[in-house]
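Labels for the chains are A, B, C and D, by order of writing; each one numbers its residues from 1.
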Amino acid sequence: MGNRVRAVVAGATGYSGRELIRLIAGHSGMELAGVFASRGGSSTPIVEIHPQLRGFQPGGADLSDLDSTICHPFDEEALARLKPAVIFLATPNEFSHEIMPSMLATGATVVDLSGSFRLRDASLYPAFYGFEHQATPLLEEAVYGMTELVRAQLPGAKLIANPGCYPTSIILPVRPLLEAGLVDESQPVISDSKSGVTGAGKTPTATTHFVEVSESFRAYNLLRHRHAPEIAQGLGLPGGTDRLVFSPHLLPINRGILSTIYLKLKAGTTRQSILDVWQERYAAAPLIRIFAGSQLPEIKFVAGLPFCDMGVVVDERSGQAIIVAAIDNLLKGAASQALQNANLALGFAEAEGLR
Amino acid sequence: MGNRVRAVVAGATGYSGRELIRLIAGHSGMELAGVFASRGGSSTPIVEIHPQLRGFQPGGADLSDLDSTICHPFDEEALARLKPAVIFLATPNEFSHEIMPSMLATGATVVDLSGSFRLRDASLYPAFYGFEHQATPLLEEAVYGMTELVRAQLPGAKLIANPGCYPTSIILPVRPLLEAGLVDESQPVISDSKSGVTGAGKTPTATTHFVEVSESFRAYNLLRHRHAPEIAQGLGLPGGTDRLVFSPHLLPINRGILSTIYLKLKAGTTRQSILDVWQERYAAAPLIRIFAGSQLPEIKFVAGLPFCDMGVVVDERSGQAIIVAAIDNLLKGAASQALQNANLALGFAEAEGLR
Amino acid sequence: MGNRVRAVVAGATGYSGRELIRLIAGHSGMELAGVFASRGGSSTPIVEIHPQLRGFQPGGADLSDLDSTICHPFDEEALARLKPAVIFLATPNEFSHEIMPSMLATGATVVDLSGSFRLRDASLYPAFYGFEHQATPLLEEAVYGMTELVRAQLPGAKLIANPGCYPTSIILPVRPLLEAGLVDESQPVISDSKSGVTGAGKTPTATTHFVEVSESFRAYNLLRHRHAPEIAQGLGLPGGTDRLVFSPHLLPINRGILSTIYLKLKAGTTRQSILDVWQERYAAAPLIRIFAGSQLPEIKFVAGLPFCDMGVVVDERSGQAIIVAAIDNLLKGAASQALQNANLALGFAEAEGLR
Amino acid sequence: MGNRVRAVVAGATGYSGRELIRLIAGHSGMELAGVFASRGGSSTPIVEIHPQLRGFQPGGADLSDLDSTICHPFDEEALARLKPAVIFLATPNEFSHEIMPSMLATGATVVDLSGSFRLRDASLYPAFYGFEHQATPLLEEAVYGMTELVRAQLPGAKLIANPGCYPTSIILPVRPLLEAGLVDESQPVISDSKSGVTGAGKTPTATTHFVEVSESFRAYNLLRHRHAPEIAQGLGLPGGTDRLVFSPHLLPINRGILSTIYLKLKAGTTRQSILDVWQERYAAAPLIRIFAGSQLPEIKFVAGLPFCDMGVVVDERSGQAIIVAAIDNLLKGAASQALQNANLALGFAEAEGLR
């Protein structure tokens, strides 16, 4: 185990933190050197916080023993002493932003699952994240880790801003079509997106109470969700969010996002031309699944899995395309994409630990 | 009880049939004269088919006694002998179409909950319903019962084509805006609609199996759902479905539809101008609820209730409107709208039995 | 409306409060004179707290207008000035206990949906409810309102302790069998009970977070739930909880309780003898439904309805009986039983407003 | 790949079949030599039947490529030509029983996930499985594969009857306590068990229709479930089912079983004595998790995982014990226990492929 790469997870008490631990524990080239909560709290065995992780490697003498792993309150110095090669931050937005300089000072590759380094334009932070960004030079240095679109920039990257869940489900299918010039640029890109409740985090609130969610469905934060500027940036849309309409909705399920995306195509564009662009662009992408037949992606096909699924129908007479894309918000929308990025930053195979 | 209006329900074994029975049993001016299944089957107490209905009017000596009501196989002559004033058909599409002439011959007002008399253009039936329409003169006679929009045509109507569930959630909020000239006619109306599983009926299929629906979400019948021509007709869109994009999705819940509808507004149109149109148009509509504050409709607000809820957000800079409308698909999308139509046809108060 | 009985609901912001308001609004002989929250908060339209209640009596000019009803912070004096004939307390346990003397001083009949007057033995309060009971004389005066078992004590009653949800599902089917001498008294009564999440109230907690409940199931408070002494008392079991094993579980649904109850029968007792006892005991009970055929109660048969359903299977060789009973925890387990009790206390028909 | 053990799955179209394929694909020492449906049907890519399996080993050149694997109709001869070392039968009961002789004739180890070889007493088959058993000598040869209890019999076993899901959740926690003499033998063992819907299989029926299951809960097959004799046999209870009360219920979730088990203990038996028996008996069992603290097993802790979780509370005054045990019905209750058994039969580590 001595020559495994040492990984640390901060923000280990939440759902993304739990998934990161599970994935790292199954990675052939990483070992879990330590886990931390966010600020505050007390030291607690990680299997008391996440009983799912008990006995996780029953026979695995060569793997770290989760049953005896303690989750400590966040402590920069203790973390640095672990000499990690990679640090995963599943911490709150403002907290990630605050600790980033000291995390980078450890020399590790830092994969930040929060939104605090995703937006290039620092002026957007007060309105969308509620704080003034204090580390604007790092915003330029950060690689926005939509893995399949930035693979070349990842080897050796030190600060990776892991994408948001909704943006992943929209940018991966749409950006290649915009770049290939298939889309009528006079019309907005409309994404009607639906997410399971893990996307709202683990803190109990009136809007995540079982009774308020079950047997119901609702739109929320229309025209003002913080993922809107991230999506516009990721799509390279001129004029910011003007050409983007993004409508998030809350599904009464635990995991998964399905985005139904409406695009007006340029004259003559067919369904096959969309499939061709995807197949060429993602030919070597092990974690993209293109639905080229009559079946479309559904959340159940991707729940618990690290893929982004995409399919499309086109009304060729009117040029209207409807893209359906699905991910597991905790995996391709968070933890598995983080590991995918870390794999490429550190020289592992892209899908190592994710199969 | 002698001077109550006599009502018959055919197709009583399904979910809409059950709701009709429950509503009629609570109506101060109707009595349930008989209930029938669709073709075939055997005579069975209705409370064995729907145990929810047992003991429904515990102390109600003045109401029909559901506990002893028998649901018989469909029988035109037995039905006619009951001399109903109103017949509710919750029967399959082709079957409604087949029995309609004999139902009308009884002299009763017939409210058809199937799709078989909704489309004016008979040529659409083979493609969308799988049969050649044999009663085209009746298509012209039928009143398309989107109650709030056709109130004047309902008194005395004999054949009422009760609207589909999805169309109700779209036509009620959008048609007044089109008529008021608020909408940019060069752009499509896009409705991303989500329905609970009762909308798929009671017959078990691979796509309604609990395991296939729960913890999942999917789009279906994109660009080819049979409600698309009904919606286009109901909106009065020129060019048929060309200006309509309708995307149905299946929610892992029992009841309710929420439609998120994207409209491009004419320059200068504000959110308030939309609310004004709705409030004027629906000022006297007891079963329309307009969400004029910051809250938007959610399925849980309307589940089990006979309302259509509507709200809207507008990006006034770009002119993009997002309407959110919600109904209970079994009530305003089926049984309660049927009773609302029957109330007006027979001279009752519109919301009688629906409070 | 002048000669309707005036009702007040305190604790109107919770789920039981909402159901009480809905039921009272539909009651032919009551009017809603006022609604209050528990301590604190600000005055808010009740339809902002419960949007389900908007437009509830669309055409009902003779009914109170919920749309303009304000829910005020609890205020004893303001409440007394409303001169209610009946006060429903859906307030927290300790708070109900604290305000009870002043509520009774109004001269109204008080129906307390909390647990604060259910247990006769005041010494149980510190352990099971966390406070010392200060009004022990009222404990003797209170009628424990398991309606069907105490009907004779209800007319004119001033303090009615409305039963807990779990106890209702157990005491109604089991008590008559104990009284009829059918049960082997050397064996414990075991109730394995399962409840939907509304039973845990509206306050968001880690254990009611959607993600923690959905796709899961768990037992809780085994051998120490506060309903255990209430059930033992209601069954009249000698020796307190010694002969009772009560195991509550949390179901991933909103509403409903199903209790599976294991009894050892005396030799010679048959399934029919149990059905006979129930049918005789509940012959005039409009809100008890006995399942005498092969079908057993299920939660969906009773959700949204004011009934207690009961059925039984018996292994006549071994004398083992398994009773299955179901209620809607918010209705027969709370609000509808409260109204049923108020009906009898005030001289209305038992099921008035509950059909 | 040449020296991997060759495995075949028959009955690959169902939920257990899908899980088996997924597990075998991740096993370091097995390769998937072929997959078959049950009788009939046509040859179809397995990823069309189970889209979850698409791209499952993205980078795994050393693993079989599921994307090109065809599921063929069952064909004994084609199966035999694949020269499997292990055959997993996830086929219907009677069908497993019919093909078993020819499966054994291939020389492979056969792990039968159906019930057709679980009961030693052939006379029980007509009543509980609906067919006369034709291979009674094989009933004696079969190893009933409750892995942790029969580990010594598994190496080299040729016919392994994989246990039922409910029995696994009951026998694993209870049998060691019976054997250790902790249980009062004059009282019945009562198991109130609750299962997710995958336990009912993939065929759509009225009782697995989403609308009939969601927001509901019900008991079924009380006193006559086919798992009752299997549980009695597995517990070694004298007198057959006389000392067993087994009550299955259907939960509105996809996966998981939780059994709440009521035992009367002999005088002086404590909670700790139960924990001690479990800890000694399962000291070397990698897939048993004992909950020795205050937390009890819940379905969400075990969903998607190969463990059997067990915990207990005891009322030491009355000697009443309540055991709570949980498994994933598709894994420890079916596919993962099958692989666990195959691992031991073929000489692999018990938990290989299951971590």
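Note that a residue touches a chain if its C-beta (ideal position, glycine included) is under 8 Å from a C-beta of that chain, and two chains touch if they have at least 3 such contacts.
Here the structure is a predicted model, which is why all the values come from computation and not from measurement.
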Shared interface partners, meaning chains that touch chain B and chain C: A, D
Chain pair with more C-beta contacts, A-C versus C-D: C-D
Distance between chain centroids, defined by C-alpha means - chain A, chain C (Å): 46
Distance from chain D to chain A - Cα centre to Cα centre, in angstrom: 35
Centroid distance [mean C-alpha coordinates] between chain D and chain C, Å: 40
Residues of chain C touching at least two other chains: 214-215, 252-254, 298, 300
Residue ranges of chain B touching chain C (in the complex, touch as defined): 26, 48, 51-52, 54-60, 214-215, 286-287, 289, 293, 295, 298, 300-302, 304-305, 307, 349-352, 354-355
Interface residues, chain B side, partner chain A - complex: 187-188, 190, 192, 194, 212, 214-219, 222-223, 242, 245, 247, 249, 251-256, 258, 260, 262, 296-300, 303, 313, 315, 317-318, 320, 322, 324
Contacting residues of chain D [partner chain B, same complex]: 15, 197-198, 202, 204-206, 208-211, 213-215, 252-254
